[in-house]
């Protein structure tokens, strides 16, 4: 048993932290949140060149071939920024879907350019009639020779508006799992993308209007990708959790610092037990998310059945990030809601990412479904 | 609009309080909890003679004919004791079932002696394969001429071990609502009752072994009592809520007093914000239960549809009494768990009565079922 | 108990009068209720109501109120609520709160001078409470007002002030004896907005763009050698903290509210039109569970508000109830928005475009549930007040601040 | 990270040795594990383990421990946990905690005299911390030990002590300088139970009859002119608070734990045998939701305990983790029991008779979830400690108490 990080992992974390201090510190991020795209070229370049985008992609496809735990260390550090950009959407999620569902040829075609940051890909699964999971996929293409024709909408697609390629989940049969995955070039005629405003981060709406896609662009077989997609989600979800745990760590550290700096009634506010209570609850949520995640990562890295562990980690990461932000806001009071302060960078994410890859009720339900598999 | 209690109600409350101070004060109740029956003759005599048992029974049947709000005032005061005894089981719950489901002859037969305290009756509905509501009734009698023959068990019957008459819910058909109600004399051959030990108050197990009951003892028609039973539960439930709100008030007042009396670190503990937080949460739970109940009582007294209001009140009374006790225990720390102190009298009730007439999840589900009826 | 007034025929007649008057006068607006155009319409409604004495119905006519009784005020609130409006029908909590303090603490001259314009809806007033250095610790303000001849000269900064449309008057409390003993060194002032040296600058906040009329923005107000007549000092020199107890009591929820259960009603309505897998959301069992959870939370808030409204208007002795209502609403706001997000999914976060079924109101609520934790006393401050009023760890419970209405 | 030790062949061999030894020595008991007969069996198991050095595996052999390494201790804990037992396998938290304080603060002579009997399982020790006048405020004790020749004479009362079977030794800390400055006026003593003037009287508590071996009762201990040799004062005169920091750190959860998720496993098992409407409960969707909720709560507790076990045994620098684990377990106990009651219904409250499917363990848990809020530092005390360790409102975070193992 050894619950510490390895030397390599500590070094990697340091690299991310140094980058953040220089090119993605809080002041820069506060500026960036006002820009349409939400992230900078510096961020994307560093994430690509330093290998964070492609780190979970195997080396033979141009990636870093990192294990789950090591990847999580980097994404936790990014989440602590919180560093914005399509690193997770493209390098981790889309990368995993292609890796699990694609042919050897497709892997060679897409993965190296995803890893290098030359292209951005993202998974387009959810739809206006929202429901997480394959059952919610209702976009049914028509067929025209060796082409599919798409008409319809994908909604809440993270980073869709900056993507070069979309992995579009389509309905190709009536069974619950009868879905297929189609690589769609966003430059194809009839594809349009719009970033969604609101309490959102990088959610977008993708509209398909008579979009013609060669059937050769299918990832895997028609109606035969469910297992591969499940695997990809199982592998990508904990990395998203790590990003969220990092965010929780960020708002925790801000709260601790503020408890020391802010003086009211002649004392630092951290001496008031009401304030202490907020931070105690915050760190309990944070550590619950952190340690369930750590165990799930270890299970993945050692080839054990990690399904329940990942559902547990995602449940607590979503609930925990949200609660961590709420408690940090209670500590910061008015100061925390000023956009110039930086706390709301996290708050926005805690809401936006709450349901990404399934909300806590979805993941609790999966645990309930898997009760008998728990040893 | 007038949210105050009437003069009569205030007077009635005073009567109960005076009785408690004299014959059912905390010291006496602490002694009583060790006795097999759990309550004293003084209590039962006072409750009968002062009209609390029969107060919701109409005057023509020997009762007080009180409205819901006034009955609730008395039962809240009793709950604040917390005064033990079968007042609710017999006078309110059994009384309402007979009133709603019984024939004129049956009402004349049973209600006056229930109101006078000469007999104790109680509803025996739930069974080992527990589920609240008619669907959980599976005790199916055989028929023998003009008699029913009962074999089986009723479980968690409040005050069954001190009852003279049981209103036994039996299954007389295969439809979910195909149940009937049978008045069973506990002195009949083959009836045995056992008080259940544990974190319980007056729950009992009733066993029927070839118990012969005349069909004339049916309350209402075979398979035709569902509506009457629903009505009886709708009318009785808020009175149980009032008893629980009274209990919450009891543990609230104990916590406030202890916050003043107990000194640690040189200050009354009530000056510590952690302790304040417990009492704030306590009183919020208490008042949520209290005011939802008050509105439900008013709806019942004014002939409005009170179903959602009663489900809401019962949800919050069950959750609230439990939480109120938990928080009061946090305030009292070690002192609260001494049986000689009195707080655990309430705690036991908060658990024992949590699921009486349906637990909070059951009642939330009923609200969900009735969403469209909410104006 | 009686949760609804039993109305006399006379009162029912009054309701008819109110209803038909409102039908004729409540503006029909589209889009953002806080746009310049729409705000102006609500502002006019305020003036029209004020002219009839309906803006502050139970306040004496002598000061611009309606001189109406409790039941009549309930009727007015209920009928306004049918339009999703309160009294006043635009953002003037400054007038409501400051007016109360002037009623309790002002001289007769000050009441005559300040109150009728406010209560008749002619003047809009902002309250200035929070300072960068003094948030929960209001009495720690470092805004100073120093006597100079017949005037006071004010310097300092207040934040989280007002809304998106400039007011006519401001009120604040300031140190008039900067080195004097705490709670005995401040005074309370009414200040015309156009006073030289007063500058108003909008802030950039998470909660910007909410639903409140006139309330989608908050501001910083700077005082730089702003001169105010000593006649505008209300309640006596260095007695500002006492004057503040009145409006703080009301702001902490002691005034209560009458209103429907807005978020639950909206959620039910949207659940009928939004669909999942082709079926209305309301037919889904999980969705109904969420609606039930929202109902439970919102009903308690509604009843706490109603209880306080009755207690305040019928002069019951109040204890912790004001802060309880405020605290409960603040904290459950976070739970309600979580339930709403789980119920409606990510679409509940979107603002604008075809899939924004709530027309941005849910986005605004998600954000305002967070920002609402702090104004009018943080959630923690409400707990401090509740503890004092319950007398936790004290021999005696603290009395509630004196209010009038 | 590695959540399970990677065992060498040698270590696997050790596991086999442990396993077969335990098979031969762990008593097969029926019914109440705390009956006189069964307690004696577990007590014997403790002696047998102690004789092998397995009772405190990582403690040096010089003091009666096993001198084993971290991985071996994990193996021992894991194998004991298979029987639902810890180390020691009967109630001796007094020996575990007091032993640690003696290891850190005792003289060599005291270590040699006190520790081997404890670590070999020959002596059972109770800790005496809470007093009627001093609960959370431990340092406020009014139990006094006054020097008299070579002895100290002790007077005072301690409550919530020990269990159902009398121990051999007691330890407590007392004022040796009653009028001295707080935190610098107490000393820490080991006291033979048979000292004249020591009286032990059982208390009557809500939590009586729990599952712990030897732990179903708590006692009041009275000291009336009890004479204790000055040689039994550990850690120096008036240095008792320092000595206490060691066992307090461990008692607050800093020692961690290795164990399965007991309540979840039991709940699943019972859900397979208990029925609703003729079907196993586990087939019911609502029941499965409750099981999932219980799983979530209990897994976090298990992982906090595991993390602390690793941190403590591998000498990581600890901060708030001990109290966090303790606080989390205390608070979620209330939620877990609520879920269990909703899952299994009223039968979960029954103790005895045919319908008591849990054989009274659920009744005991319902009660102990409440009583467990307070011992070893109340939930509030754990929060105070967490706040200090995190350095909230302080320039520096407080360091954790010094422990040895």
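Lettered A, B, C and D in written order, each chain numbered from 1.
Here is the rule we go by: a residue touches a chain if its C-beta (ideal position, glycine included) is under 8 Å from a C-beta of that chain, and two chains touch if they have at least 3 such contacts.
In this text the structure is predicted, and so the values were computed from the model without any measurement.
**Student:** Which chains are shared contacts of chain B and chain D?
**Tutor:** A
**Student:** Could you run down the chains that neighbour chain A and chain C together?
**Tutor:** Under the touch definition, chain A and chain C have B as mutual neighbours.
**Student:** Which chain has its C-alpha centre farthest away from the C-alpha centre of chain D?
**Tutor:** Using the mean of the C-alpha atoms as each chain's centre, the farthest one from chain D is C.
**Student:** From the C-alpha centre of chain B to that of chain C, how far is it in Å?
**Tutor:** Taking the average C-alpha coordinate of chain B and of chain C, the gap between them is 41 Å.
**Student:** Round to the nearest whole Å and give the separation of the Cα centres of chain A and chain B.
**Tutor:** The separation of the two C-alpha centroids amounts to 51 Å.
**Student:** Where in chain B do residues touch two or more of the other chains?
**Tutor:** 272-277
**Student:** Residues of chain D touching 2+ other chains?
**Tutor:** 383-384
**Student:** Line, ring, star, complete or other: which one describes how these chains touch?
**Tutor:** other
**Student:** Taking the complex as given, what residues does chain B use to touch chain A?
**Tutor:** 272-274, 276-277
**Student:** Across the complex, what residues on chain C touch chain B?
**Tutor:** Per the stated touch rule, the residues are 1-5, 70-71, 74, 264, 268, 282, 285, 288-289, 291-293, 295-296, 299-300, 303-304, 307, 310-311, 314, 316, 320, 324, 327-328, 383-384, 386-387, 390-395.
**Student:** For the complex, give me every residue of chain C touching chain A.
**Tutor:** 130, 134-137, 140, 159-160, 203-207, 275-278, 286, 334, 338, 341-342, 345-347, 349-353, 355-356, 360, 363, 366-367, 370-371, 373-375, 378-380, 383-384
**Student:** Which of the residues in chain B end up touching chain C in this complex?
**Tutor:** That would be residues 1-5, 69, 256, 259-260, 267-273, 275-277, 279-280, 283-284, 287-288, 291-292, 294-295, 297-299, 308, 312, 315-316, 364-365, 367-369, 371-372, 374 of chain B.
**Student:** Applying the document's contact rule, which stretches of chain A touch chain C when the two form their complex?
**Tutor:** So the residues of chain A in touch with chain C come to 126, 128-131, 135-136, 138, 155-156, 194, 196-200, 203, 205, 264-265, 272, 274-275, 322, 325-326, 329-330, 333-335, 337-340, 344, 347, 351-352, 354-355, 359-361.
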